[in-house]
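As written, the chain order gives the labels A, B, C and D, with residue 1 at the start of each chain.
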Amino acid sequence: MSKLKVGIVNVTGYAGVELARLLSRHPQVKLSSITGRSAAGQKLADVFPHLAEIDMTISAELGEVDLAVSAMPHKSSAEVIVPLVERGVKVIDMSADFRLKDGEEYPKWYDFAHPAPKLLRQAVYGLPEIHRVEIAKANLVAIPGCYPTGALLALAPAVKEGIIHTDIIVDSKSGVSGAGRTLSLPTHYTEAVDNVRAYSVHGHRHLPEIVQERQAMTNASVSVTFLPHLVPMSRGILSSCYATLKQGVLGKKAEVVELYRNYYKAEPFVRVVDKPPETKQTWGSNLCLVYPVVDARSGKLIVISCIDNLVKGAAGQAIQNMNIMLGFSETEGLEALPVYP
Amino acid sequence: MSKLKVGIVNVTGYAGVELARLLSRHPQVKLSSITGRSAAGQKLADVFPHLAEIDMTISAELGEVDLAVSAMPHKSSAEVIVPLVERGVKVIDMSADFRLKDGEEYPKWYDFAHPAPKLLRQAVYGLPEIHRVEIAKANLVAIPGCYPTGALLALAPAVKEGIIHTDIIVDSKSGVSGAGRTLSLPTHYTEAVDNVRAYSVHGHRHLPEIVQERQAMTNASVSVTFLPHLVPMSRGILSSCYATLKQGVLGKKAEVVELYRNYYKAEPFVRVVDKPPETKQTWGSNLCLVYPVVDARSGKLIVISCIDNLVKGAAGQAIQNMNIMLGFSETEGLEALPVYP
Amino acid sequence: MSKLKVGIVNVTGYAGVELARLLSRHPQVKLSSITGRSAAGQKLADVFPHLAEIDMTISAELGEVDLAVSAMPHKSSAEVIVPLVERGVKVIDMSADFRLKDGEEYPKWYDFAHPAPKLLRQAVYGLPEIHRVEIAKANLVAIPGCYPTGALLALAPAVKEGIIHTDIIVDSKSGVSGAGRTLSLPTHYTEAVDNVRAYSVHGHRHLPEIVQERQAMTNASVSVTFLPHLVPMSRGILSSCYATLKQGVLGKKAEVVELYRNYYKAEPFVRVVDKPPETKQTWGSNLCLVYPVVDARSGKLIVISCIDNLVKGAAGQAIQNMNIMLGFSETEGLEALPVYP
Amino acid sequence: MSKLKVGIVNVTGYAGVELARLLSRHPQVKLSSITGRSAAGQKLADVFPHLAEIDMTISAELGEVDLAVSAMPHKSSAEVIVPLVERGVKVIDMSADFRLKDGEEYPKWYDFAHPAPKLLRQAVYGLPEIHRVEIAKANLVAIPGCYPTGALLALAPAVKEGIIHTDIIVDSKSGVSGAGRTLSLPTHYTEAVDNVRAYSVHGHRHLPEIVQERQAMTNASVSVTFLPHLVPMSRGILSSCYATLKQGVLGKKAEVVELYRNYYKAEPFVRVVDKPPETKQTWGSNLCLVYPVVDARSGKLIVISCIDNLVKGAAGQAIQNMNIMLGFSETEGLEALPVYP
């Protein structure tokens, strides 16, 4: 039987090349088309020498594919995706364009009116650990943002089991690749190295996404404080999440850890660890490491999670969703172990 | 008139050499004696080539000095300091040995019984922005830990003006020099690079210090959650502090910033900034940058502070204290601008 | 048919864990035994969380295996290997203990008398691009040092085709993982970051190896100047090699490049590139990128090569050799593309 | 007596802000005017928060000054400088526009016809260790490129004393700040980190400068091979220089070192060291560390030099020249010790 054909829309960013790297080694699909406006006509190897073994030319338009993954920036992504969905192509979107259920949020957070608000209801939020069943039936999946992925996986067990109050603080530390391949002063080497800074202090675009999905877990009204930081490394996000434990849970350190272990025991890509995790332990892999701690002194639950922002936070998660949508084993093409050190 | 003589006890760690760098250029004192057990007998230049212009030999014992700064590790520091204080030498201690007022805390946090609990009451906590008057009269000053320095300066205005509740979260990101020059696996280059990790998740030694000083500001009982993280850079600490704003303050973004500006308007080393600060902006200088933000969505006050952990977080703060103790201008020897990029 | 059993002697260094990472995913062999003195009895996952998916316990002694790879330090490696070879186990040694043909070199460069000088003649220098035929028949292969790998692959075509004189300069820049996982001051994070330094300026241990193999290419007496440098990154070696071009070759830029391309055209892991290569383009992969340039102004041939020191410079090369020794396809288990950025 | 007024033309690059940092603390001059086209009208503190203590506004045009330092890019620099020189203002140029004596080199290496070839003869090449006497009398000084500074100081003693042949190889490793503050893909954080690459492999613009000054030392025809590399750190250049020793010098290791020590014994900013130097040992200071080694095996002299490219390689060297031109002590304003670690 011939392999299903998969295409990448906009291969030229970091998420795009990471997709190409992973898809080119996927045993069940064939990477058959890659697009990229500015680089159209060039060999992939000329733009990205590390992918020299993939003998493909970047084209302006997507060829015939069974499934397309969009690595376009927001707004442009929706423009490309809507006609694809209408044509019956399965689509996975790595942009924010189909993550939010409420179309009104787009002008507020992304400065554009959503072109297809109806599709927002049809789209599934592609966090398999929460929405696996819907993903399996979806023809349009929105890959979560990198920060929401780490934050939601850190919080889900505590929220769903009702052991914390609704006021949550998420303090995230991200490597610089999260800011993409587009040049900017804060991501200029000499500015980013030897440096830590917070950014988007008045509201990061991933906030409404965290709120929406957190809310959906319990239908409660919630308060989320989210502050992202840029740290000098290329890959990785560590999120430290803080919430107040409910009465009666405080003394139960072991039970809380057990609750987390149970919650994720069948998950191939989430590992509840017993020592504080490090982003380096996920480098190049689709893992999410989760570490819950009860701080009895202050009555807080602290949960730390680590991911590789380009894999579990983007391209790897896209492939995990693809595997589910296409009926493959969920780990197909994602078995590589983290590269350390 | 001849210059006052200053000595450094244990010059061979990062705080010690930073002291030597700064004191050797101080216009009002003479660095006259430096000790270091393992390196005794060696020229300073042989152990630290960057200090080659300081022509001094490391000795086993401190010579006659008017003021001594100890860069010994905790426990050993007290052993060296007690006889000095008794002899009438003014002493500045960069270890934790005289920071905590309650001697009972030492066995709990530092695993030793304090040898001179009486001196704990006499010692002044050397955060000039809070305790300047007492420092001027002190003969024993305990330099705050690097984390407490950044956290307390971030929180002091809000706490003293009573605009936040007592439950505080401090999420700190530190460069690796904070862990010192002693070899360890987490600070081995290939382990620390490309990596972020939390550590001391069950309680860092700087926590009781933050609690003590926070408590002293209002005599209220407080709750502090403190989580330090190691990030891949050599110098710098950025602390993100979170607290719930009291009713009535929420809408008042500008007033909160104004309150901070007023509080620090006469301080030579604290600057309230109007853009999110970066650790790089303090590199090599004694500055503390403070940035308060009202997060109206969640009702939180977020305050971000940045310092160079080896300067304002250690050696620079020691010199600032020395200047106050000896009646010099507070900025003497500390005028150098940050080295950027 | 059951898979061949492979063991790793001393899994606890960087080359050892890299071997484990790669072998655990190798489709033709089973990683069946791992040893490590200090960590014996511990689960691999406890010592190296990134390898948590490999459910193995580190043992003190090697179990029954068809082939063993030693990641022991020099001297200890020979002690472990000699009895294995005598027992008929195929052995791949990643230490220096069987690289040099002349046993007299060991006291000079490695401070020990070689315990089995006879085996030195039997051992094959495991650079497949030069010694593939012998490797296929060998039962003891010595994996080249990381520096010699890059230097020899850069120089081989020019040397073998006789276009350069015998006086060669190799200036190499290595990431810090090359220095291993053993703690030392120069590899302490705060010492290695923001820093470049040359080391072993009076003669690095990889020099005799480069000389031996260079010499063997033409049987000429040669002069090699080799200077390694430590640069602040974890993986990668870039070697810049300089030699004087012979008369008549100077004007022939294109021919020199063509000569290189021809020389390596059938090699799966050596790629002659047409833009200056970067170590990042090999990260995590077994590639060696080679870039020859004719500097007509000075009459020099400059050849730049890049490898990942832990893969093509150690563990990957070991597996490439294993594949040849065991009759597998040479790329088996080594197909992963470089991880970028 | 009022201080002399100094201006910076184009303060907004890395060399420009480094000049501002150093000049603002210089005891003998007053930084009175700073220009910068794109940032004209802005407060210096708003563009460069680390310089917040310098209360100046960036202007479009230079005010009245006694001496101007240009940090303009090449070509534009000459356009600004020529009228200043004609007006009798003393000028120090940090661009390449007055470094080369032969005007014909400019179209070849810098793609423009020199607008004032006559001034090329009048301009002095501002390497004080070689041209101090002329600098003292000059009204136009061209600050050497960062690479030539390190290379020439490494080679001068050997060349002038005639102990090496004329064929020289210079392999340099530079931090990323040398590429300036202008955005580019190779200096994007995620591209530059964890990476080493050679660049300008077909001829870097600093080559003719090295050749010119090397040639001038002995009036011999020389051959220079120069290859620069980018390494992941912000500041610092380490140059490894290789030359063949003349007959009779080979055995004389100690004499060669002695010759170097003698040559530089009166220099305030060049230190001949007895252990391999590290770029970190010069961070933020005007030092050049020089380390000569005789490689008896290959008959080569290896000389390693380290500088901070923004200080001795740019702004610090400019101030050193200014001090000489204005009759100040040569070290005025440059006494700060390196910042380590």
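Convention: a contact is a pair of C-beta atoms (placed from the backbone, for glycine too) under 8 Å apart; a residue touches a chain by one contact, two chains touch by 3 or more.
Treat the numbers as computed from the prediction; the structure is a model and nothing was measured.
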item	value
Taking each chain's C-alpha mean as its centre, the one farthest from chain C	B
Listed chain pair A-C, C-D or A-D that repeats interface B-D [over half of contact pairs the same by residue number]	A-C
Distance from chain C to chain B - Cα centre to Cα centre, in angstrom	46
Averaged-CA centre spacing for the pair chain C and chain A, given as whole angstrom	36
Chain centre separation in whole Å, for chain B relative to chain A (CA means)	38
Where chain A touches two or more other chains, by residue	14, 175, 177, 190-191, 193-194, 232-235, 277-278, 280, 283, 341
Interfacial residue positions of chain B with respect to chain A in the complex	167, 169, 171, 173, 175, 190-191, 193-199, 201-203, 207, 223-225, 227, 229, 231-236, 238, 240, 242, 244, 276-280, 283, 291, 293, 295, 297-300, 302, 304, 306, 341
Chain A contact footprint on chain D (complex, rising order)	14, 175-177, 181, 183-185, 187-194, 232-234
In the complex with chain A, residue positions of chain C that touch it	14, 17, 21, 24-25, 48-54, 177, 193-194, 234-235, 271, 273, 275, 277-278, 280-285, 289, 335-341
